[in-house]
Amino acid sequence: MISRIVIEDLALRRGERLLFEHLAFTVSPGETVALTGRNGAGKTSLLRAVAGLLRPVAGRVTFEGVEPEAAAGALHLLGHLDGLKGGRTAWEELRFAALWSGGTEDGARAAAATLELDRLLALEVRKLSAGQRRRLALARLLAAPRPLWLLDEPLAPLDSVWRVRMGELMVAHTAGGGMILAAVHDPLPLPSRGVEVGA
Amino acid sequence: MLSFLANPDRFMAFSRWAAPMFGVMAAGLMAVGLWLGFAAPEDYQQGDTVRMMFIHVPASWLALFVYLCLGVASFLSLVFRHALADAAAKAAAPLGAVFTALALITGSLWGKPMWGTWWVWDARLTSVLVLFLFYLGYIALRAAMDDETKGGRAAAILALVGLVNLPIVKFSVDWWNSLHQGASVFRAEGPAMTNDYLIPLLLMGLGYMAAFGSLWLVRIRAEVWRRKATVLALKAAEA
Amino acid sequence: MRPLVTLLGRELALAWSRGGGPLPALAFYAGMATLLPFAVGPEPERLAAVAPGFAWLALALASLLSLERLFERDFEDGTLDLLALGPAPLEAVCAIKCLAQWLAAGLPLAFAAPLAAIALGAPVPVAPLVFLCALIGGLAFAFVGGLGAALALGSRRGGLLIAIIVLPLFAPPVIFGGGALTQLAAGLPWTSGLALLAGWTAAAVALSPLAMAAACRNAVD
Amino acid sequence: MRPLVTLLGRELALAWSRGGGPLPALAFYAGMATLLPFAVGPEPERLAAVAPGFAWLALALASLLSLERLFERDFEDGTLDLLALGPAPLEAVCAIKCLAQWLAAGLPLAFAAPLAAIALGAPVPVAPLVFLCALIGGLAFAFVGGLGAALALGSRRGGLLIAIIVLPLFAPPVIFGGGALTQLAAGLPWTSGLALLAGWTAAAVALSPLAMAAACRNAVD
Amino acid sequence: MISRIVIEDLALRRGERLLFEHLAFTVSPGETVALTGRNGAGKTSLLRAVAGLLRPVAGRVTFEGVEPEAAAGALHLLGHLDGLKGGRTAWEELRFAALWSGGTEDGARAAAATLELDRLLALEVRKLSAGQRRRLALARLLAAPRPLWLLDEPLAPLDSVWRVRMGELMVAHTAGGGMILAAVHDPLPLPSRGVEVGA
C-alpha cells in the first residue's frame, strides 16, 4: 500500500516555458487535494507528472511504500482526453479498461450499475451525451480499485444530481484509504485541502 | 576525451581553436593528396577515370563515418540527455547527407564509363541510397516537430535504428554479388593497391576527415550559440 | 499475461474495423489481378513471369499505406496514456498493437497474395513461396511501419515523415523476398533469400518495439 | 466565393500535412521504382514492358488506400458541423475537399508517375500518356474515394464498407487507362481509352458531390 | 435581422428514444436563455436542432425575419466538440473560422486580443490547456458577428476570472441585439431566462 505521496521542489517545463518551480505538498491516505489555478497554470501538467508521464525538470514525486516501477499500477488518471473510442460500445470500453487496469468483468459490471450506466452500455460511445460519457469515464475508476485517483475537472459535465452522487463516491473512496488529487475550477462537493498551482 | 568535452564551457574553449586548425589541416592534406593523385600514373584498365577514386572513395568512407558519429551522439543524448550530444547529432546530419550525396553522385559519374550505366539496383548502391534516406529522415523528423527536445529525441531513436544499415553498406559487396568492387584498402589481408594510388587516397581520406571535423565543430558551436540566444530571448519576453 | 490478451482482443477488433477485415485485402488483390493484364498486356508468359513479384510488392505497398496511422488515434484521444499506465511495459503494448495489425490485415493479405499470383498465371509451385514471403514479410512490414508511425507522432507532416522513415526499412525485406522469388523462378536455390527475410523479420520484431516504446514515451511526455 | 477559396486553402494545408505534400508521392514512386526490379527481377526489357502499367496501378492503389479517411477526422472533431453551418452548400464543401486532396496528393503523384515509368525503362514516348492518365484518373479517384469515405462515416466497419463501395467504382477508370496504355505500347490507337477515362472522370466530378453531401448530412444528423 | 426565434411544439428523437415533446419557447433579441436539464435530457440535441443539423420528429424552429435558407448564416454553434484541429496553430484555426463565417482577418485579430490569446496564437492547438482552448473556441464567436449564439456549457473549463470576463462579453452581445441560447449545468454569470429540457 502507498503510505504517502510526496511532491518535493517540483518544477515543470512545457516547450520553452517554465510553468512553476519549488512546488511541494503531500497527499496522505484518506485525503482529497483540490488543485486550483488560472487557466494554463499547469494543473493538467502536474497531474501528468504525478502519473509519471511527464518528466519534471527539477524535484521529484515519490510514492512512499511502493516500488517506483509499481507506481503506475497504483493510480488512475482521468484527463481532459478520456481515452474513449467513439466507435466502440460503452461496455466494450468499460470492460477493457477494467481488465487492463487489473480489475474484473464483474467489477466493471458493478461499476456500471453504481453509475447507472446499464441502459447505455450497448450504445456506441459517440452517441452518449457529455455527462453520460463522463460517467462512463468515471466508472473506470470504480471498475478496478487503485488507491490514487488523478482527476482533471472530473465533475464539470455532470448535472447537479450526479455531482452530489459522485461526491459521495469520492468520499467513500477516501474513507477506504484512497487518495484523490483533482484539478478543479469549482469547489468539490466534499471536504478537501486546496493547493494552488502557479500562483 | 568525450567526458572532457562533455562540459559545454570546455568544449567551447577547445573548439574555438580546434575548428580553424582542422580547417587548415584539411586544406593542406587535400591539396597534397590531389597533387599526388594527378601525378599518379594512369591505370592500365581505367585510364584517366581512375582519378575519380580520390574523390569518390573518401566521400564514401565519410558517409559511413559520419553516420557512426551521428549514432554515437544520438545514443549519448538519449541515454544521458546531454544537450551537447544532441547539438552534435543535429550538426552532423546535414554534413553526412552531403558526403553521402557526393558518394552517390561521384559513384554514378564513375559508373558510366566503368560499368556502362549510371545506376544499377544492386545491394551496395541501394544500401547507400538507403543511408542517404536515413539522413534525410533524421533531418525531416527533427524539422517537423515544434518542440525541439521532442523532435531531437524522436530523431535520435531513428538514428539508432538506422545503425543497422551501416554493416549492410559495408559488407553488401561480400554478401551479395555486386558490380561494385570489394574492399581493397581496409581489409584483413592489408591493402591491395600500389602506393602510387594508396598514398594520395589516404591523404585525401585524412583531408576529408579533417574537413568534416572542422565543419562539425563550427556547426556545433553555432547550435550552442543559437540555443543560448533563444533562452535569452525567452527571458527577455517573460520579463 | 491476462491484460495483454485483453489488449490483443481489443486491438484486433479495432484493426479489423479500421481495415475492414479480410475483404478489402481480397478486393485489393482482385483489383490488382484484374488490372495487371491491362497494364502489362495479356501475353501469358510475360504476366506469369512478373506475377509473383507483383503480388509481393503490392503487399509491401499496401502495408506502407495502411500502417501509417497505427498510433495516431490513440495519441489524440488519450488512449495512449491509458496504455502507458497499464500493467504491461509499453514495449509489449507496442508489439501487441503491431501483432494485431498483422493478424487483422497482414494475414488475410498473405492468404490472398498466392491466389492473386496464380490467377495471373504464375506457376503453382511458386505459390507456397509467395505465401511464405507474404506471411513473414508482412510481419516485418507491420513492425517497421509501426515504428514509423510512432516516430512521427505529434509532428506536422506526418505522412511525409512516415514515408521517408519507413522506406529505407522496407527496402531490405522487399529485396530479400524478391530475390528468393526470382531465384525460384530461375530454378536456382532460393532458401538463402527466405532465410535473410526471416532474419530481418526476427530483428524487426525483436528490436522495433524498443524503439516504438521510446518514441511513444517521447510523444506522451 | 471568398469563403470557398479560404476553405480550399485550409483543406490544401491539411491534405498537404496529412499526406505530406509532394514528397511522399515522390518517395512512394521512388520506393516503388527501387523495389520493383528486386521483386520481379532486373531484366530491362521485362521491366520496361510493365513499367507504365505498374505506375498507373500504383497510383490507383495509393489513392484507394489514402483517400479512405477524408471525412472521418472532420466528423469526429466537430469540424463537419462548422462546415455545414457555413455560407456555402455542403455539396460545394465536399467538392472542394476532394479537389484539395487531388491538388495536394494526386497532382504530385501525376507528375511522379511518368518519371517512375521512365526510371524503370519505359520508352519515353509513353510518358505523356502516363501523365495524362494519372492526371485525369487521379481526379476520378479523389472524388470516388471521397464518396466512399463520406458513406462510411459513423458506421462501424468503415474500412470494409469503403472497399465494397469504392472498388467497383475504381475498376472502370483503371481499366480504361490501362487499356489506353497497352494500346499505345502495341502501336494501336489509344484515344478512345483516354476519352472513356475522361468521361468517367467528368461524371464522377459532377455527381459524387451530391451523394457526398447527402451522406455527410445523414452522418451529422 | 432576426426579429425572434420561435420554437413550437418541438419533439426530438435519438435512436429509438423520444427525448422530449411539446417543447415551446421563444428567444427575442437581447435575451439570454439558459437550457437546463439532467444529463441526457436532450440539451445538446436541442441546440443542434435549432442550428438545423438535426431534424425534429414534430414541431418546428422558425427564425422570424430571415429566409429559412439564411438561418444557418445567422448563428454560431459551439458544441462539446469544438471543431479545432490539434495539429494546426491557434491562429490558423481562428483565421479560418472568421473568414468562413463571414468575418475578416482583422476581426479575428481583434477577437484574439479581446480574449488575450495573442501570446498563444503561434502554438499548435493540441498544446493549449483546456481553458485556453475553450477561449480560442469562444474567440470565433467574436471574430465574425452573427446574431444568435448556441453554446453548449461554454464556461465549464474557464477559470473564475475568465468566467466573469466571458459573462461581460455575453452581456455586450445581447445588449447589441444578439441572442444567446446556452446549455448549462451551472448558472450563467449574467441575467438569463431558464428553460428546462425533458423535465
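First chain written, first letter: the chains are A, B, C, D and E, and each begins at residue 1.
Criterion: contacts are C-beta pairs under 8 Å (C-beta built on N, C-alpha and C of every residue); 3 or more make two chains touch, one makes a residue touch a chain.
Not measured: the values here are computed from a predicted model.
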{"item": "Path length in steps (a step moves to a chain that is touched) from subunit B to subunit C", "value": "1"}
{"item": "Pair of chains with maximal C-beta contact number", "value": "C-D"}
{"item": "Subunit D-subunit E separation of Cα centroids, rounded to whole Å", "value": "37"}
{"item": "Distance from subunit E to subunit A - Cα centre to Cα centre, in angstrom", "value": "29"}
{"item": "Geometric centre distance via CA averages, subunit B-subunit A, whole Å", "value": "49"}
{"item": "Numbers and ranges of subunit A residues touching at least 2 other chains", "value": "15, 80, 87"}
{"item": "Residues within subunit D bordering two or more other chains", "value": "17, 34, 38, 76, 156"}
{"item": "Set of subunit B residues in contact with two or more other chains", "value": "126, 146-147"}
{"item": "Contacting residues of subunit C [partner subunit B, same complex]", "value": "147, 151-157, 160-161, 164-165, 167-169, 171-172, 175, 203, 207-208, 211, 214-215, 218-219, 221"}
{"item": "Complex contact set, residues of subunit A against subunit E", "value": "14-15, 37-40, 44, 80, 123, 127-132, 135, 152-153, 156-162, 185-186"}
{"item": "Touching residues (chain side subunit C, partner subunit D) in the complex", "value": "17-21, 23-24, 27-28, 30-32, 34-36, 38-41, 46, 49-50, 53-54, 56-58, 60-62, 64-66, 69, 156-164, 167, 170-171, 174-175, 177-179, 181-182, 185"}
{"item": "Partner subunit B, residues of subunit A touching it in the complex", "value": "15-17"}
{"item": "Residues on subunit B engaged by subunit A in the complex (per definition of touch)", "value": "146-147, 230-231, 234, 238"}
